[in-house]
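The following pair of complexes shares a single chain, chain A, combined with chain B in the former and chain C in the latter.
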Partner chain A sequence: MEIVSRAAAAAVVGSILALLLRKYTPELSLTLSLVTGVVIVWISATVASRITDLLRRLAENGALESIYVSPVMKCVGIGMITQLASQVCRDAQQGSVASAVELCGTLCALYVSMPLIDALLTTVEKLL
Partner chain B sequence: MDVDALEQALPPEAEEYMPDTSPSGFDLKGTLEALVQPVSERLRQALSAAMKTAGVLLMVCVMIALANTLDSSGSTPQYILFSGVAAIGAAALEDFDSFLNLGVGSLRSMADYSRVLLPVLASAAAAAGSVGGAAAKYGATAFFMNLLTEAADKVIVPGVCAYAALSIADGAVGNQALKTAKKLVKSVCGLLLTVLCMAFTAWLALSGVVSDSADALTARMAKTAVSTALPVVGGILSDAAGTLAAAAGALRSSIGVYGVAAVLCVCIGPFIALGTRYLLFKISAALCGCVSDKRLSTLVEDLSSCFGMILALNGTAALMMFMSIYSLIRTVV
Partner chain C sequence: MDVDLIFKIAAVGILVAVLNILLSRSGRDDQALMTSIAGLVVVLVVVVREISALFDLIRDLFGF
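Right, the complex of A and B next:
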């Protein structure tokens, strides 16, 4: 509850300040938006680290196989970072940069998923 | 009538549960009681393995659901969905070929054992007076077991593999043509098994009715003829023949019970392994449907159906064997 309250408070305060600054210095407003987003992600990091610790423990105990779960976790992380960065770029009216970030995120996610795709293709080849 | 051949030809899967048993003096109750502990152990191991895989599938779906929050419209970026499909496909089908071999191996064991069991059982049934009926039922079972084995090799097993591949492709791409192809493959496999089972049941029932009536009539006519032809001895001879037939009937029953126990022991391992996977994946699909993208829950359900189809193949073979053995035991002349 405390973490969500802190994140919500930071988001509301940052948004209001960014809105006020936009009229005078749009560049500072954008920077403030970016900093607010980073602060919120940093606040959420404690929760994320507990979740990843749990998953790591489950993988060590053999309850979950990390070979399958770990690439998906990385993809989700890449997706989050990509989405945040591309939104900031769009807020700055830089659509092309946003698209480039999304393309980079897609390629990185596919790269991280390569072991899964390879394992899947091997299994499907055996079946067919 | 080589009854010892039944013991010698016992498949290794059945020998594990029925060591040093023979049809004469076979204790079904004792065998079933002895089965409880190893079957429970096997069930525990199968559940543990299936739950690990189901846990992975559920965790992947939960993470994909979390990624849904990235976009304000609630749709997951395609590359994340793609990686989820790859993870689910790789985790669910990791040992799929071993399950396929388990299912097909069990079918072949039942088919091979039926080639030893049914002639012996048919001979015992013929000695008990059901000459025509035994031959007709043995012929029907042998024909349909061969047909089922051929269908498994040429249609069902390739169909299951194709279904698995199409399900993964549909999960990754979400194409209507793939959905249609997937449904078609599943329908063909299901329909084939249903038709085989129904045709076998109908043939067995019809041939049994006709030939059992003929055998009963033949036996009564023979008894009457013998009693009439030989004034004093005839009656004693026909009574003695009846006693011999009854003894053969008792032997037929014990062979039949032994056969039922052997078939049960052969198919129980695959049933446990495939059944636990099928059920747990179905439950995972239902849970995934609550939290995640529909394509992922449909994929998990489709992969559970793959295990279900192999289970159905085994079930059909076991059902045909049980029906055949029961009809041969049941014949009363």
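Right, the complex of A and C next:
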């Protein structure tokens, strides 16, 4: 609860300050909004660490196989980084750079999830 | 990493904006441009370090 309120306060303050700077120094306004995003993700990382700890423990106990969990978590991380970067590029009105970053993120996510597809294929081959 | 960073960047931004207006009103547009570039470089030096720390954190969290 207090994490959400801290994140919300940081978001509102950062947005208002970025709005103040937009007219005079647009590049610093963009940097400020980027920093606000980074701070908010950093605040929420404490929650994410608990979740990943739980998943890691499940994987160690054998409830979940780590070969299946690891691609999912990696995809989440790739998605977070890609989203942050592409939204900043879009704020700077550089849509083409944003799409390039998103394309790279998509390809990397596909590459990371290749073991899952491979496992599915092996299962199907075993069935046939 | 804390909320203080937002205020730090905003303080640099306001300072640069005021200096920019003062210098361009007194007809020294070249110095105004240099001021805004210097402000941007200072902010970027701080920000890049924090972004790198955040990406390291995300890699540690989600990379099994």
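The definition used in the following text is that the second predicted complex is superposed on the first by the 127 of 128 C-alpha atoms of A that agree within 3 Å, B and C clash if a C-alpha of one lies under 4 Å from a C-alpha of the other, contacts with A are read in each partner's own complex, and residues count from 1 in each chain.
Following the convention adopted for this analysis, a residue touches a chain if its C-beta (ideal position, glycine included) is under 8 Å from a C-beta of that chain, and two chains touch if they have at least 3 such contacts.
Note that the structure is a prediction, hence the values are computed from the model and not measured.
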item: First, second, both or neither for A:68, with chain B first and chain C second; value: first
item: Which superposed partner A:109 touches (first chain B, second chain C, both, neither); value: first
item: Chain B versus chain C as contact partner of A:5, first or second or both or neither; value: neither
item: First (chain B), second (chain C), both or neither touched by A:119; value: first
item: Partner chain(s) touched by A:99 [first = chain B, second = chain C, both, neither]; value: neither
item: Touched partner set for A:76, first chain B, second chain C, both or neither; value: both
item: Partner chain(s) touched by A:15 [first = chain B, second = chain C, both, neither]; value: neither
item: Common interface positions of chain A, toward chain B and toward chain C; value: 69, 73, 76, 80
item: Contact set on chain A toward chain B in their complex; value: 55, 58, 62-65, 68-69, 71-73, 75-76, 79-80, 82-83, 105-106, 109-110, 112-113, 116-117, 119-120, 123-124, 126-128
item: Chain C-touching residues of chain A, taken from the complex the two chains share; value: 6, 9-10, 13-14, 17, 20-21, 24-25, 27-29, 31-32, 34-36, 38-39, 41-42, 45, 48-49, 52, 56, 59, 66, 69-70, 73-74, 76-77, 80-81
item: In the complex, chain B residues that touch chain A; value: 52, 55-56, 59-60, 63-64, 66-67, 70-71, 77, 79-80, 82-84, 86-87, 89-91, 93-94, 96-97, 161-162, 164-165, 168
item: Of all residues in chain C, those that touch chain A in their complex; value: 1-3, 5-7, 9-10, 12-14, 16-17, 20-21, 36, 39-40, 43-44, 47, 50-51, 54-55, 57-59, 61-64
